[in-house]
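Shown below is the structure under consideration.
Here the chain labels run A, B and C in written order, and each chain numbers its own residues starting at 1.
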Amino acid sequence: MTALALIRNLTVTYRRDGSEVAALRSVSLDIEAGERLAIIGESGSGKSTLALAIAGLLPGSAKIGGRIDWFLSSLGAKAPPSVLPDISPSRGEIGSFAVGSSPATLVIGEGGNKGAISPLEGEMSGRTEGGLIECRSQKSASKQSHIPRLGRDIGFVFQDPSASLDPVMTIGKQIAEVARTHLGLTWSQSYARAKGLLERVRLPDPDSALRAFPHQLSGGQKQRVAIAAAIAAGPKLLIADEATSALDTIVQAEIVALIRRLVTEDGMTLLFISHDIALAAELAERIAVFRHGQLVELGMTAQIVGAPAQPYTRALLDAHIGLDTRPLLNRARLRA
Amino acid sequence: MSPLRRFLRTPEAVAGAILLAALIAMALSASLLFPGDPQAITGPALLPPFQDWSLPLGTDRLGRDVLAELFHGARTSLAVGLAAAAAALVVGAVVGTLAGFAGGLVDEVLMRITDAFQTVPSFLLALAFVSVVGPSLGVVVIAIALGTWTGPARVARAEVLSIRERDYVAGARVIGMHPLAIAFREVLPNALPPVLAMSSVIVAAAILTEAALSFLGLGDPNRVTWGGMIAEGRAVLRTAPFLSIVPGIALVLTVLGVYLAGEGIVETTAVRRGLS
Amino acid sequence: MTLLAVSNLTKRYRRGNKTIAAVDDVSFHIDPGETLALAGPSGSGKSTIARLALRLIEPDDGRIDFEGGDFLALSGAALRARRARLQMVFQDPLAAFNPRATVARVLDDPLRIHGIASRGERPRRIAALLERVGLTADLAPRAIHEISGGQRQRVAIARAIATKPSLIVLDEAVSALDVSVRGEILELLLDLQRQEKIAYLFISHDLGVIRSVAHRVILLDAGRIAENGDARTVIDAPQSAIGKALVAAAPRLNRTGP
């Protein structure tokens, strides 16, 4: 397996009311290309901070230490727009060329330089507050490499689709805009791509959905649209941050199945952030358990679920109340 | 960063606060520095400023001390401005809360009354009210409040409409709290911040309205007011322009001070709410 | 004796020029000390039923009898007095309290409103309530937004039991909690039920939790009752289409090892 990103000693500190709160403490983790990795933990575990740090969405006030090395180029950079097939249901057709392994590295001073790990090159200036962020290509400059850009290289799906979709913009335009911005397509090409994406996320009647506004859709449909927008530019990495937590059980299962299908079809890497270990186990190949900002345990799903090494992982598994768990009611009755 | 420190870091806010502090100091020290009637004759008529250091800003047509009038006028401006704005905010918040919380017929009636007040220009309303009832300080305060309570009422109602649907209001009903207690203890305090944000604009407008009423001779005749001073000076505008200019500058600085300080407070509290 | 009897309950909403029945001719009853769960996908009407039963909204049709009296006939002071016996715990304990409140004020309100304890006696009652739900009395002066989510939900339960109710509506009361906290809160609820004979109307989308704590379950679909019966019997072998879909969608944890 080749790595997509190597996270080394990532530490994130928020300042709140004058005191500093560490959201992540020296986390080291490899994200392998094409894998489905679940990050699970309870509130305050730092799992969402990790997702935001990887996507470069941390607020400017966060203090960041450590480094994230990206190996995007080795997996094929985006083809120039001219060779892009307009709508391709299977990503295999999208032209890609490997340029060898020349990792783009983001180095952030360990000494607590203020500044965000921001793959969003364009937004860097507004976020860095004089901090030192160094972009380094480890091989020769002639080889292509880049810091990932949100939207183009990383797709992000948030928990609340109502908050992540623009309420006064049509569904079609929101998706088309992503394709246009990152792939350099014309508006009509972008709309054609948006329609294809709505078909791929199985939104009923994609033609009228293109012209619909978010409030006309149900929660599950909105999340499908948010996923379509997230994958519109064909990202390498899809991050789903509690993307199914606000949905009911049936819709949640549908969205999980959709994410699994899209990730498989496009060969994307999936980072699935969840508080639900059972849900994560159904989708992910590997699970990383977080607690209090630290990585507690990392392993293959079967190992984490079947033979956890850490007591905390076991406690999380024991706390799960499934359809085959012995009812609390009976236990209470026995004790009474 | 504490709100006070953030406030002090904003230059406009600090300038506003200094102006406002100067105004308050003038109002408070008026009877200490200038005991006795400010409308008493103290020197020759129409003495220009900076001639006689016992009368630094000179005298008006009747030989009254302009500086003493200015200090006592600050009292009137401040008292009327604050009282009228407070009355408008209280009436507006109560009406808006009742309308938003009760809904239905109560809402309809209260909001149509609000509409009725809003369709009449507020200055006209104040003018008519004072001409009918007769000029006195209390009447001027009520007259100004009559035209300004509608803004706070609308803002309060809009805020209450959104707060009314929150779980904690349902929670208060579930424990059997009286609807009026819910409206005024649970909902109103949380609806206040955007209403209070309007206070600087309302105070500034009230001070200007009071000056305009006095200028037209509808202020309290027993008190010195800046509007009245400007009106007085108008007759001798060519020969003694300072009689109009001095209170005019005071008025401008006061309104500016109130506005800047108010904006500063709103901004610092907004940042704090945004962070939490 | 039946504690709560709901018959032919109907609530319609107008959306544009269409009328949608959020709750459509629903009847059920709850016995003292029993847990009845309402489950179903979002939009099935389970939360609407909870709010109708509490009279936070009024039904278009139907009848609600609570503790042997016509609950819908009550109004004003009589309704507010009766509310002491019928309480609620919300999903998000932060949203369920006035953002400016302290723990003490939240617990003081019901004691004061229903005249349960005199002003001088209330601090002691508040301390006792906090201890009853597994918290310590020194939490009383803290602001609601300062304490943890689990502590907040315990305070919400303390507030609900302050007036000695016979029925508590739990509207997704454990759904927003961390799994480790959720187990403790469920244990607390079961313990209170055993000791005080409190009945629960347990609204949840989580069949695993319902199966674990409820006596009976009603599965709802589009405002109607699709299936109802013993919680474990229904969930272990659902007969209705929605029951089968809900069970199939529940995530399963296969702990047999690699």
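Just so we're on the same page, contacts are C-beta pairs under 8 Å (C-beta built on N, C-alpha and C of every residue); 3 or more make two chains touch, one makes a residue touch a chain.
All of these numbers come straight from a predicted model, not from anything done at the bench.
When C-beta pairs in contact are tallied for each pair of chains, A-C comes out on top. Ranked by separation of Cα centres from subunit C, the top chain is B.
Subunit A and subunit B, compared by their mean Cα positions, are separated by 53 Å. Between the CA-based centres of subunit B and subunit C the separation comes to 49 Å, rounded to the whole angstrom.
Between the CA-based centres of subunit A and subunit C the separation comes to 35 Å, rounded to the whole angstrom. Not a single residue in subunit C touches at least two other chains.
For subunit A, the set of residues touching two or more other chains is empty.
Listing the residues of subunit C that touch subunit B in their complex gives 51, 54, 56, 80-81, 83-84, 86-88, 90, 92, 95-100, 109-110, 113-114, 159, 162-163. Within the complex formed with subunit A, the subunit C residues making contact are 35, 41-43, 149, 178-180, 182-183, 186-187, 190-191, 194, 205-209, 211-215, 232, 235-236, 245-258. Those residues of subunit A whose C-beta lies close enough to touch subunit C in the complex are 42-43, 218-219, 247-254, 275-279, 281-282, 300, 302-303, 305-307, 315-317, 319-325, 327-329, 332, 336.
Interface residues of subunit B facing subunit C in the complex, by the touch rule stated above, are 166-168, 170-178, 186, 189-190.
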